[in-house]
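Written out below as structure tokens is the structure these notes cover.
Labels run A, B, C, D, E, F and G following the written order; every chain starts at residue 1.
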């Protein structure tokens, strides 16, 4: 219950913030906001001991019961890690933002978004019900959208926001489809129930689709290739946002999803290859692209992409352990997952710190462009120190936490090479090579951050503002993170035992308590392949960094220059242009075209199905005889009708229509329908009078200047329509299947006291029709009045005038 | 033959005569040279035709079913009243909408009266 | 004159109430009406006006004149239509009528138009001149004018 | 030369009365013979159409100073109202009642709520047709 | 048993419309009377909805004539849910009309036409007789013809010519469809039709005839044959456009569901496959169209088209869950489309512009409107917990159950297009540099904002409180799935 | 005998109508066409009368009268349209 | 007879469709008028046979009556199509007065942006 409440608290706070914001004048609103994450962090931290002891917490509020959609929260080791990151980093980010954002900004709005995001993120990691997870998942996309476009008057902000929204929401929708498929398979939306029963369904084709769709959601959110393109543009957000959402928390929702679904999908070859393959490739692409960036924030964005790829690939590798279920041999493969979780935490610390550093630089100097920066070490010593710690950790150097997880990453890859399952052999080697190359680039860009910003010469004229060290308050948050970076290096097993162990149990329920599931983390593990790889990275990385101006040219080589962003933009432009083109092609605005579509549809659908089903069996035996005069009248009608087509003047056509109308009245007489004959006669006359009334104002007909081809086409359409109507009618006449209900009405006098059956039907049996028909007539009458009399004053600007 | 049968027969005969008159008048409609002469065929001969038919019908119902059909009588009166008016209006409309008389026409005492005054009217309206 | 009609109706109604004890019938009313006609015919001089049904007789007379004219000219026109060669000389001529009221002029026009071979095309704004289209002006103009005079006289007997 | 419509106007005066009478007759006899509210109404409105054709709008308006929109609305109200009436008597919507009543002068007469319903129909038809024709004609 | 109450959702608006004719010159009275009677309609329809829960399907034989001879109204959960939504949407739209439509329109019978339209719509939902449905359609259509032309601006006239002509054509198809059906099975009562069609089996001939109805209702619903829609929904005044966007296509959709679940449900291989293909093409066409334009009204109108495809995908799938999804979506769409049209219209009213590139930064001057639009956008995309979400889930379930993966894919992807098309409006028009200075901006009337807020509250309420609707929706879906429930209710005792 | 006479006259009337349609198509002037239409109306009246006799019913006698009334109204409307363009005047100007 | 009328209906539909596809507004409206004629005749043929029985008037005491239901339906349909035609005509009239044309090619609407 309290856990459920913890999700709601940020939302509740978000509601109250605007009110508080209006009231207070002399205090930064952030000080009120920060209470929320701190309190939540403390609250959640209090669960660490019990969770470490293997407890889990579950609470359900029924929501849409009939659909099995509940508000079900579930706290276990895995969720706890994320929840702590969300609230912990959240507290620090808000602290940082208090100093970073001036009071001139619309802070109320900012914190509302931020709290919304925090609540949503907590919701994602604490959900058991897939639908609830989806709810919060989309909410994170939305709050991210709002935060990226916080400065919405900037074009780039809007662009970045749109891009992230489109990509992440699309992924979300795919994920939703995957979730629904899972529910269809297992009959439940509860993750725990699905985990428990999924074994029976892994052979269903739907299972694979569900997996791929869920992965689509995860990949888009976690900026995996090729969906990573939204992340660099998301850097238009204020830096605290970037630090929080786009490095530490939201982008890890996808990681969380993969971790959460490993017990469900892990053990499948597709899952293994997709997750680890995409992860590794993302790692490579991200790190490679990071090097060429000149904007520090963009560089960090690409670095985040690559680091997320790293974590992702680790989860992929770790899933192998589930292929055959628990055995002492397969435990070794779980180490990748352990590394993933560990690196996840580490990444949050060092990347968070680095973002804040970049923010400080930007805030103090007014620029983040590496080419303008240099020599900041001299007057920003603390900032420099933090940057150094963060970067070196990222590069995988000791004595920082990044080193530990990087080593474990290499080890996992080495292990994977020996993998028997999924016949990984050669692919494993490829993985290893890719990872190593990516790590080299990682090393290079990490060095760029430190050396090109803080070393070298400072050129005051290149920056916008006079330079000095940041205020104390702004430094607190990154410092805390830096302390963690170092601290975790020295006490990794605290994290391992208290946070990672329960998380591992959550991911590998069947391995619970297994020997070696939670390894003892050591900084020094001898000269194993992983260490050699690290050494290689340092050597090659240093060389590449030193010689960077000589090989920068590779970024202009064709395949490497190609940019997914350009493709995305071109895609959108093409989509809009193409849509416009296609729509204009058939929506021309001509009534005639539309009618042609309708008739064509009629001819194809009805005519086609008549031919296809062969429903044209006729039976003429029941036909009444034709008198000569009747035939002649029909002939006259046919002539009149045909003449209408060729009529050269409007009035001739009207007269011919009158002939038709009056002749029909005669036919009604022949068919024994006196009431109809009467009505038809009067209506025809009044209609003709109306034609004449409106006629005077129209100019004489011009000859239709349609092309001969058009006329022939029209003729064909008309003839086909006429033929179909006739054929179908003949078929119906030959296939009367029941006696009509109208026999009943022949008792009209007894039932309704009238001798005119038609009239009793109209006035009594079906009086409701008649009543409405009168209404129709009435509407037409008043409508004509309105149509003619109501002339609004303003004239056509093609714009709504009311 | 009883009186009734004779009555019925006379009725039918009148109707047949009506039919013949009708065909003849439509023959005129095709044959005559201009709308004015055709109007003679149409309004009168066909009026005659319908009058004959309706009278026949009246007789038929009278003798066959001893039924005095006020509606048919009214119909006869109605055709009497309206057919000439319709003819008159149409011919006038034709003339005023400047439909030409056939070439064989010999005199036209209306032309000057109608168009002289009209052109005078035009003159006055020009001044104002 | 309306007074005579009202009186006639009153007599009929009186008759009806006198004859029928329990049921009202149209036939009784009609019988009463006939009785009334008789009574009023005898008494009409006391009103100082003509007997009101006299017009009826005149109207019937007019009708017969008309029917005879109609038949004669119908045959003429049918003959003209059916003759192998059209020998007609149509045209428009003017006729100044002595009739005054709208009803009179209308009646004249209707009768003339109904008889084949002639159509009234226009009535002058003053209402005293008719413009007539004739199927065959040369041959039948004289006959037509005679016919017109006939009708005028008969009409005046009815209306005046 | 001015158009003299004397013939038309004189005949029309008679004809209009014939049509009106006939229209009422059609309306009343509809339950047992061809006719009824619609046809009756249509015929009545054709009488009005004739009036407008023969005379001009202002002349007719002086003679018949009704708002035909209101007449139509009243007609619809009557038609729907009879339906509603049966609801008030606890019957199904639009239940028509008929019965034979002894009336002075008319004797045994069949009276039916259908007549009210049909009257509504007829009034609507008249109102609508005249409204349409008047509206267009006035817009010249 | 007397169920006169079920005619009330039609008769109240009808009588209101007529009485308002007499109140022509009293604008204030018109407004009060309008709103009161539309609230009455809401109440009545809610009562009906709940009675159905307890007593099952209700029917009213007009004039007491038993089916299949007389005409009757049948209120089941499906139709009544739509009636309820219609009535609520109308009530709220009326509030918007009060402050937006203007004296001239009010003087020219604007409210009567609105009520006639609603009467027609509700009648179409409730009727149990095919020919009567035709007549109800006409009541609705005639009113819509008038409403679309009201004001007589050039664009209205030009668009309404197309609208009217195409609808005349579709009414004609309807009429001859009825003729064919009557000729074949000799009855008009829908339940009776169902019985008779089932009795002879839906042979080829009846299947062909069913395609006639497919054409008719596709035209009305805008299923594939939607080309008339964007133009005609862009032309009329805002309230009218909102009313159209919310209600009109729904009637066609309803009829399609009714006919193809009650009468022609035997040959799904032909009919439902065709509907499925049409739904897919509709969603694609709508999606493309929504991106093709810069005119807000066009974008919004194409969004209507997408929704039509989405809902009818539910019919093509034809499972109980899919029906539930479609019904939820119908209700959701009526509300949110009304909201969307209102906001779009209000934007145009405020700026005097209609193209997205011509307006910018509106959110600074009209923050509330901006956020309302944002909510609308999310709701239409199907973002939880707003109202569009649950239907998406159900429809997805239905599609998966029956293996209709293509439908699923297109339906879900169309959601992205909805998002993108509306995002373009939001980013271009609400965000961005503020063009209008705060001094000379057009004030946003309360009367225009309140209805929007009400709709927004409803979309949230329906999303969060979906469970509250669940019994009604599942009952409706069950009835659609099992035609004999409907048939039994209608032909009880006299089959 | 009577039967044959009636049938023959029906055929005659319908021939008339057929030919009148030809006149409508041929024109040449508008009054010609209206004249033919008027003629068709009158002949329809006759036909209905005969059909009533053949069917031995009084059901269609109303139609006769109605058709008479309306073809008259129609002809007036047409001739006014031809003569003056406008068929209902707001206020008679001359 | 039924077949003859059905063929006539087909012809009327053909003519109507051809008129509908034309560029001129009045022709289109005439097309709709012809279309409704066709529909009414078609409905007529869908009863229990043409000319089979007397007019549905009980006063005439016939053995059998023609199907009265289609007649009632047609009556309703006639009135409705009259209402629609009237509106459509006035709409055309109004459009012409506003735009000065009845050529549908000149009346495209929104798409001429």
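For this structure, a couple of remarks:
Quick note on the criterion: a residue touches a chain if its C-beta (ideal position, glycine included) is under 8 Å from a C-beta of that chain, and two chains touch if they have at least 3 such contacts.
Chain by chain, the UniProt names read as follows: B = Na+/H+ antiporter subunit G; C = Putative antiporter subunit mnhE2; D = Na(+)/H(+) antiporter subunit B; F = Na(+)/H(+) antiporter subunit F; G = Na(+)/H(+) antiporter subunit C.
Please read all numbers here as calculations on a predicted model, not as lab measurements.
Common neighbours of chain A and chain G (chains touching each): D, E, F. Least step count on the touch graph, chain B to chain G: 2.
In terms of C-beta pairs in contact, B-F outnumbers the other of D-E and B-F.
In terms of their C-alpha centroids, the spacing between chain D and chain F amounts to 25 Å. Put simply, the C-alpha centre of chain E and that of chain G have 28 angstrom between them. Averaged C-alpha coordinates put the centre of chain A at 79 Å from the centre of chain B.
Multi-chain contact residues, meaning those touching two or more other chains, occur in chain C at positions 109-110, 120, 122, 124. Multi-chain contact residues of chain B, defined as those touching 2 or more other chains: 25, 27, 39, 43, 47, 74, 78, 81-83, 85, 88-89, 91-92, 96, 113-114.
Contact of a single residue of chain D with at least two other chains is seen at positions 1-3, 7-8, 11, 15, 18, 22, 26, 32-35, 38, 43, 46, 49, 53, 69, 73, 76, 80, 83, 93-94, 96, 128, 132-133, 135-137.
Checking each pair of chains for touch leaves A-D, A-E, A-F, A-G, B-C, B-D, B-F, C-D, D-E, D-F, D-G, E-G, F-G. Those residues of chain G lying in contact with chain F across their complex are 54-55, 57, 60.
Considering their complex, residues 59-60, 62-63, 65-66, 69-70, 72-73, 76-77, 80, 83-84, 86-92, 94 of chain F touch chain D.
On the side of chain D, the complex with chain C involves touching residues 1-2, 4, 6-7, 9-11, 105, 107.
Taken in their complex, chain C has these residues touching chain B: 70, 74, 77-78, 81-82, 86, 88-94, 109-122, 124, 131, 133, 135, 137-138. For chain G in complex with chain E, the touching residues are 20, 25, 28, 32, 35-36, 39, 42-43, 45-46, 69-70, 73, 76-77, 80, 83-84, 87-88, 91-92, 94-95, 98-99, 104, 107-111, 113.
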